[in-house]
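Shared chain: subunit A. Partners: subunit B in the first complex, subunit C in the second.
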Partner chain A sequence: MTDMTTDTLPDDAGDETALHGGAEERKLGFWLTLPAQLLVLFIALFPILMQVYISLTDWSPLDGIPWYQAYELWIGLLNYVDLANDPRFWSAMWRTCIVMAICVPVQFFLGLGLAILFVDDFRGKRVLYSTILVPMMVVPAVAGYMFFMLFQSGGPVNDILSFFAGRPVTIAWLSDPDLALFATIVSDIWQWTPLMFLILLAGMVSVPQDQQMAAVLLGASWTRRFFTIVLPRMKTIIIIAIAIRVIENFKVFDNFYIMTGGGPGVATETISIYIYKVTQQELIWGYVAAIALAILITLSVVSALAIKKLRGAQQ
Partner chain B sequence: MQRSLSFEIFRYAAIFGFLALSLIPTIWMFSMAFKPIAEWQASGADLTWWPKNPTLDNFRFIFGESGSDLIVALERTAGRPILASLLSATFGTLIAMAAGTAAAYGLSRFGAGGNLPLALIQLRIFPPMAVMIPVMIMWAFLGLIDTWYGLALIYGIVTMPFSFWLMKTFFDDLPREIEDAALVEGCSRWRVFLKITLPMMRPALASSALFVFILNWSDYLIALLLTTRDWVTIPVYMASLSSSMTGQLYGAKAALGLIAAVPPVIMGIAIQKQLVRGLTFGALKE
Partner chain C sequence: MQNLGKDFGAFTALAEMDLTIGSGEFVALLGPSGCGKSTTMNMIAGMLDPSHGEIRFDGRNMNGVPMAKRGVGFVFQNYAIFTHMTVRDNLAYGLKSQGVGRAETNRRVGEIAELLQLTPMLDRKAAGLSVNILQRLAIGRSAVVEPAIFLLDEPLSNVDAAFRAVMRAELKSLQRQFKQTMVYVTHDQLEAMTMADRIAVMDHGKLLQVGTPLEVYNHPADTFVARFIGAPGMNLLKGRITGADTGLVADLGAAGHCPVRTGQGGDVLFGFRPEQVHPDANGPLQMIVTTVERIGARTILHLAAGDMTAKAVLDSETPVPDQGQPFRFALDADDVRLFDAETERAL
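Entry: the complex of A and B
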């Protein structure tokens, strides 16, 4: 049984508050939500204020002064000026966008194709369905290691290629800049196509049958029914599925970092890997705070706009 | 709806073709975990897809038992990282479930905390890397660096959006009549929540907890930043299974990878009906 609910985005709270508006209810509601509120404050308010403060200084944990005395290294908005002129930051941003622009569409179309194959019943459906889901449940770091092994020059990928080429193939996948990026993208597609499939299939199954039946009776072809009835009704769920993958792809770290460490050079350095490296290796935390804050503000604006738009699309 | 025979053939061919590609990485790691050292790096004509002399040496090795043909001895065995992963993921799940479930009930029944849904969606959207500087400073100040409870705390916060949204959709689905009846009987709201609602929600609580546990167990980046030595988790420890001296210990890594990969795969398949609900924050229920 699948059903699409259109009321689960924010602001649908308290639909029956009026019915239970007594003092006891209000008190209980307050105490029940308090721990979650405190945890959100703890992880949002304080860190963000601290981040704003540190981002205006040249502070590093190696300076020997505690973070709250970072004002001694006050540099105003200089970190943000640096950020605007940091070619490595922009190239990491650009690379992250390229990864997204390749991974998300490939995952979407593969997932959609598979979902079409699974929408009606056939023998072995349950087992095949579960088997397809396996990659998305593998720990991403372990997935990164799996693909690290596969793409070794003496590894199975080259072995399969040699079989088809009829001669030994020894491509050094992970030490060539372009091929390394390709290999990391393959690992991402491998792991997350099942997620697209899972969500799109659930969305497809929830499209009401009656209109499709009517269309069948009227003699509409399968392709026509799919494009005029099924797809338009999946609009919301398609947006959600793509949004989830765009968000996750923007954060991508584990499999990339384990396969290549961001290299060779900076060939596979995504934005998360870039920030990680500046944090751990160059240790200029004032600058990292500026980068992080810039990303947080951009994402807040973009996500608020997107959620608003999505809610508009649902109504 | 009856489909033509040619479509059925195409369907199976396409699905099996996809699965064949999709299973290669998993099968390769599985096979590697049971290979003796001589077969780890064999390539070309010698490359073995299935171990010729299957052995458990890789598993013995990561748990510190010598007697395998690996010359190096491990400075640290895999036991402690496995414990670290278990403790931090389990207690992280408890924190996320306790705070998330309570808040979900408060919102679903009493309309309290109307700011939480959006705040938690944003918490989910932000890359952990973008708040890690302050978190590292705070954790250092609180003495939580390199402790399992420090990891558990951040895991609990990071995965709370999932437990909150999952439980909220379950509470929204739960008819209020039973609770109302108990209220008429004279039970207090607290008692109704603890003695009637929560027991009824046991299956929902269990699948949400498994979902959150998988997410916590899968973390790499946070543990990489917040643990240094004593409480590194499995994925962080994994990197130590290679060094300039030993080279890549393929088999040992694969054995550890298998240990890390099996629990979430089993749990994920067990709760596959709730996966969509969890991943889409309840926008789609199956």
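Entry: the complex of A and C
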């Protein structure tokens, strides 16, 4: 009885070779596509190889020699040794991780909460839905400017606080080293919660209705349905949403740069702002290449872990 | 169910339905799509609230009782198995949801798995199981919480035609095993005929006839039921009942005259089953053969006379006339069903 349907299933392991030709034809295909493949490989690999090369030198555009002659300034792994001992790099790295560790969970839970509210129909849903998505559409630099204005010591945030406090509040949000990071994080959460919401809502809507109905008929409460049916079925999309935000958060720049320029001091200097400063202000490009490579490797590891998790979730 | 109805705005999905389903009975709600059978079922389950009328379980009015509290088992069209869980977790879902203790849950899951031959695959993921196992699992998942009534929403419509017979047999035997009250919604008269104790034929939101499969087949209450039940359905020819020296006769125009048992005279629809046609060179009826369909054991003749058409199902051994030739046949007077030409109700 149990193997009854195996007969009725289509034979997926069909004859591959009949469709795609024999070994001869495959070899021809390889040679025909080789130039294109090489081109793609070149485009993808060249900047990285160039970066690896430069990172092993002490080259700077002020040295007066073109980049391909940078071997004259060969210093081996010294840039990487410097990097490992660069307190400003590590503090920027650490700060980036803190931003990520606060932004991603907050965005996730806000997004999930909104998705729960929006999965059922209610009056005015469409208008509200579009409104919620607006921050995501705002150019990040403009968002930075908006929050720059909001968090001025005479700005609306302090006005509101003054109203509730009943006395004038003049907090210097952006120039207080302890508060500046908070203000920038708020702007990131404001801007990117909608994306999290959008992805999670899409995932939640795709949970089969009849499964939920079946659970209701079996007497399951809302909470139980949510944790046993909805969330497990959203696992893949949750991993994707979080991975996207983790990687994006690693790259935060625009709003931070406009709101605080990384300051006061280095209080809001994330890894991207640090790289920007080293590139544009200190012009030690060999060192920049080393930092960039280090980040590329870190992000690759994060992505690889996410993909591995994803495969696990889908099986 | 008493005086049950459902309106969607101006559209009446279900007019007035009165139906009593006995304990342990297998009732099929049969009708074409849009006839109100799914609406009826969703109201029993509590997914929809009736516009008027009542649903009672054992005399208890169910209107307003939330679906989780009704004790209704529902088998969905695609079974709605929780494919991200193991078979065991699927079976235990209802018990856990209702706060049954761990030991009790394990015992009851074990029992139902044994009964449904699911024990060997209890710890497998439900994804990728074959469709007949999914059916058993869907039934087991609902049955384990011992619902008062089981509702099945066209569970076989996604199954291969070849495999349906197996599934039908299995479903019927499960129903006997559990002695479970079941309401089965289908548009397939074959499923209804083979499995149900009683069939409720519906059309356009109205319950047309309730009866055992044979009652519905042999004594259709109106022309819709007559046409809908059977494959092919009953032939209906326009005719007039007239008196003759030898008794009552139905005048079927171009097709001839056929003696009948009862009738008060006047216009009627003259019904007979294609299977009950007897070829007879001296028979009273004659129609022209338009198509001959040979389907193995049987041959289906498509017949016409004037603007009337009919079908005859014959044994493939029986010699049949060629296309375009006249076909003469007789009917057993007991097999003839007469319907009022106006109301289309059985006479």
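The definition used in the following text is that the second predicted complex is superposed on the first by the 266 of 315 C-alpha atoms of A that agree within 3 Å, B and C clash if a C-alpha of one lies under 4 Å from a C-alpha of the other, contacts with A are read in each partner's own complex, and residues count from 1 in each chain.
What we mean here is this: contacts are C-beta pairs under 8 Å (C-beta built on N, C-alpha and C of every residue); 3 or more make two chains touch, one makes a residue touch a chain.
As the structure is a prediction and not an experimental result, all values here were calculated from the model.
Peer 1: Applying the document's definition of touch, where does A:228 land relative to subunit B and subunit C: first, second, both, or neither?
Peer 2: In the superposed model, A:228 contacts subunit C only, not subunit B.
Peer 1: In the superposed arrangement, does A:73 touch subunit B (first), subunit C (second), both or neither?
Peer 2: Neither partner.
Peer 1: If we overlay the two complexes on their shared chain A, which of subunit B and subunit C does A:217 touch? Say first, second, both or neither.
Peer 2: The answer is second: A:217 touches subunit C but not subunit B.
Peer 1: More residues of subunit A are touched by which partner: subunit B or subunit C?
Peer 2: Higher number of touched subunit A residues: B.
Peer 1: Have a look at where A:25 lands relative to subunit B and subunit C in the superposition and call it first, second, both or neither.
Peer 2: First partner only.
Peer 1: After superposition on the shared chain, which partner residues are touched by A:42: those of subunit B (first), subunit C (second), both, or neither?
Peer 2: Touch partner of A:42: subunit B, not subunit C.
Peer 1: In the superposed arrangement, which partner chain does A:208 touch: subunit B (first), subunit C (second), both, or neither?
Peer 2: The answer is second: A:208 touches subunit C but not subunit B.
Peer 1: For subunit A, which residues lie in the overlap of the subunit B contacts and the subunit C contacts?
Peer 2: Dual-contact residues (subunit A): 1-5, 8, 216.
Peer 1: Applying the document's contact rule, which stretches of subunit B touch subunit A when the two form their complex?
Peer 2: Result: residues 1, 3, 8, 11, 14-15, 18-19, 22-26, 28-29, 32, 41-44, 47, 49, 95, 98-100, 102-103, 105-107, 109-114, 116-135, 137-138, 154, 156-157, 160, 164-165, 168-169, 172, 176, 188-190, 193, 214, 217-218, 220-221, 224-225, 234-235, 238-239, 250, 253-254, 257, 260-261, 264-265, 267-269, 272, 275-276, 279-286 of subunit B touch subunit A.
Peer 1: Note which residues of subunit A are touching subunit C in the complex, please.
Peer 2: For subunit A paired with subunit C, touching residues are 1-6, 8, 208, 210-211, 213-221, 224, 228-229, 232-233.
Peer 1: Of all residues in subunit A, which touch subunit B in the complex?
Peer 2: 1-5, 8-11, 13-17, 20, 24-26, 28-33, 35-37, 39-40, 42-44, 46-48, 50-51, 54, 67, 110, 113-114, 117, 120, 122, 128-143, 145-147, 149-150, 152-156, 158-159, 162, 168, 190, 193-195, 198-199, 202-203, 205-206, 216, 236-237, 240-241, 244, 247, 250-251, 253-254, 257-258, 271-272, 275-276, 279-280, 285, 288-289, 291-293, 295-296, 299-300, 303, 307
Peer 1: Can you list the residues on subunit C that touch subunit A in the complex?
Peer 2: Contact set of subunit C toward subunit A: 45, 47, 67-69, 72-74, 76-78, 80, 82, 84-85, 93-94, 96-98, 117, 121, 130-133, 141-142, 145, 160, 162-163, 166.
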